[in-house]
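Across the two complexes that follow, subunit A remains constant while its partner is subunit B and subsequently subunit C.
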Partner chain A sequence: MSAFLTLYRRELELAWGRGGGALLALGFYAGVATLVPLAIGPDPERLTAVAPGVAWIALALSALLSLERLYERDYEDGTLDLLALGPVPLTVVALAKGLAQWTAGGLPLALAAPVAALVLGAPSELAPLTFVTALIGGLGFAFTGGMGAALALGARRGGVLIAVVVLPLFCPPVIFGAGALEAMASGLNWTPGFAFLAAYSLGALALCPFATAAAIRNALS
Partner chain B sequence: MFGLANPQRFMSATRRLPAVLGVAAGLLLAAGVWLGFTAPEDYQQGDTVRIMFVHVPASWLSLAVYAAMGGASFFALVFRHPLADAAARAAAPIGAAFTALALITGSLWGRPMWGTWWEWDARLTSVLVLFLFYLGYMALRASIDDEQKAGRAAAVLALAGLINLPIVKFSVDWWNTLHQPASVFRADGPAMTADILTPLLVMGVAYTVFFAALWVTAIRAEVNQRRANALALRAAGGA
Partner chain C sequence: MELPGRGVIRALEVGGLSVSRGGRTLFAGLDLRIAAGEAVALTGANGSGKTSLLRAVAGLIRPDAGEVRFTGAGGTLEPEEARATSLHLMGHQDGLKTGRTAREELTFQARWTGASDAAVAAAVAQLELKPLLALETRKLSAGQRRRTALARLFASPRPLWLLDEPFAPLDAKWRSRFGELMALHLADGGMVVAAVHDPLPVPARQAAL
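Up next is the complex of A and B:
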């Protein structure tokens, strides 16, 4: 347990400490969210209609950012070999990295999501649900993204490859998370979409570490 | 299945299979096309209903080939079956082609029927995601230099993507979709009369036999490719 906590703390420091911490992800998020009104025009009605969706697209894209460094760096300098030999099983390593990814990246982005949605014209009642869905969705993104990053270990053009592999896996949380927000904005029941989003993220939390460990073992063999 | 694990035995057992399957597929396709053109017109859609005989079997195959790819990946990963890896790799481009065919013919059908080339409803979107899964599989496979590692990583990805299959199949039931609900593979049995159902089923079998012909050919090609690589390596080492 203490090994897991040490590993988690290490991952958190790596994700948070270098390169300005969450500022990079937040900056990218703000940039993407800014591009949208520049692209589709400042008409408030049009922006209000797409505000929750845009907040979610920006979340998915920002989640892709730090995936390349997640395993590749440790793979290159030999840390992943040490972790594979160590007392902590690779599944737990994957769990620690995913949780650190979520805490360092997903949490700040979840705080920024309601701000972006409001700025793009979403009604203010949407803000709490935006925060919660972004938080839970971020968990799903972190774990499925981690699995994709591990699968692409040692591949050429890792960054783009990870995106190609992982974006289809990101589709369900985006559909359900943005769907729940759209439902609330239209006055319909938002709980089904929310439930599916939570199911996806918890499923990812439970299953992806095993696939990630298998992928790491494959890359190290 | 495991009897054919020996590549030598597989090659000798399947030597005439591609030709036989190819001829059978050709005959079945010809029969299906003839039946499709002589089937009665739909009272609402007229002659455009005949696109169904191309579109629907292609969609069936796009799902079935992914399932085959998933099964082959499972055997490759868990049982280390030597030909399963080759089978999964061979199936991917064929499945992607069937999916693209389904999307394109569906779009061509949608234009006269629904008035639009594309609609983001649950069925179309989930099939597009299936297509992206195929592309991701092929991209991952191609990007890792070590063949064995690439095979295993891609196998894990293929298994992860299996979850999309029930979503595609049941998308018309779970969501309000423009795409029509299931008409053939339903709990109550097919909702079509025999004069429309028969050409459809014949085309479905024809597509399946066609896929089998392509798949066996591709696996044989893969085995030959590996033998050629081994020979080249030995020649380079000896010289």
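Up next is the complex of A and C:
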């Protein structure tokens, strides 16, 4: 347990510390959300209709940003050898890194999501659900993304490869998350979409660390 | 330097090991046996498989054939556990993040390998790292970085050291100082397998690849 916390804390420091990865992701998020009214015009009615969807697209894209950093740097500087020979199995290493990725990147983005949705004209009663779905979706993004990052280890142009591998895996949370918001906005039952989103993220939390560990082992050998 | 008791490696046995990289066989049928207190200097041309042998012993590379066996006081040990608790692998790279201070990196590496804070402080004194601790690792020279990375060998005592050209970046003073520390480690029942191009500063068997 102490090894898990040691690694988790280090990952948080790396994400938040010099380099400011989380702030960058927030800035990127704001940028994407700002592009939308510029692209589709300032008509409030149209923007209100797309606000939840835009919030989710921006979330998925921002979640991609820090993935390359997640394993590639440890691979390049030799830290991954040390992690592989550590006191806990690589699966637990992947779990700690994924949870830290979620805390450092997913949480700030989840806080930004309702702000972006409101600015684009989404009704204010949507804000709490936007935050909660973004937070839960971020868990799925962190773990499926971590798996993609581990699969791309050692590849040239790894960052682009990660995006290509991972974006299809980001589809279900975007569908269910934005769907739940859409349903609530139009007065329908939003719980099924929410339940599928939670199921997907929990599934990713449970399964992706094993795949990630296997991919890391493969990259190291 | 007291070595931990549980699951401690007393001997390492490599039997009939074959490793290939990228479709090319590096070595085949390699046998090697090291008991407590012994050092082995792996020599061989560039690309002869010294690093691969070290990584195969550490379990990072799966060999084509053969096995690596760790023996403790009570017989053969479970390899996964033996590797996680009683060996250090020091590769070409020092595993230090450029944006962080030597203190942060050293503390993480030592804690991750199970060292106490007191042991870290002792290792810092042993390797005279104090003036470097507050610096970002990118500001350190190659030799200073290597010393920072070597500190975990002393902060977290483990019997088997797998060292990949450990002396390369060190200056003359630190080569001889690290040689003395290596001799102490061997006297305590430790084992060293080092890939080197120059002779080891401690009595060692040669194993040519």
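We adopt the following convention: the second predicted complex is superposed on the first by the 220 of 221 C-alpha atoms of A that agree within 3 Å, B and C clash if a C-alpha of one lies under 4 Å from a C-alpha of the other, contacts with A are read in each partner's own complex, and residues count from 1 in each chain.
Please note the rule applied: contacts are C-beta pairs under 8 Å (C-beta built on N, C-alpha and C of every residue); 3 or more make two chains touch, one makes a residue touch a chain.
Just so it is clear, the structure is predicted and the values come from calculations on it, not from any experiment.
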Which of the two partners, first being subunit B and second being subunit C, lies in contact with A:81: first, second, both, or neither? second
If you stack the two complexes on chain A, which partner ends up touching A:14: first (subunit B), second (subunit C), both, or neither? second
Applying the touch criterion given at the start, work out whether A:165 contacts subunit B, subunit C, both or neither, answering first, second, both or neither. first
In the overlaid three-chain picture, which partner chain does A:3 touch, first (subunit B) or second (subunit C), both, or neither? second
In the overlay, answer first, second, both or neither for which of subunit B and subunit C A:221 touches. both
Which residues would you name on subunit A as touching subunit B in one complex and subunit C in the other? 221
Subunit A residues within the subunit C interface of the complex: 2-3, 6-7, 10, 13-14, 17-19, 73, 76-79, 81-87, 220-221
Interface residues, subunit C side, partner subunit A - complex: 55, 58-62, 83-85, 87, 89, 91-100, 104, 108-109, 111-114
The answer for subunit B against subunit A in the complex is residues 77, 125, 129, 132-133, 135-136, 139-140, 143-146, 149, 152-153, 156-157, 159-161, 164, 167
Subunit A to subunit B touching residues, read off their complex: 147, 151-158, 161, 164-165, 167-169, 171-172, 175, 211, 214-215, 218-219, 221
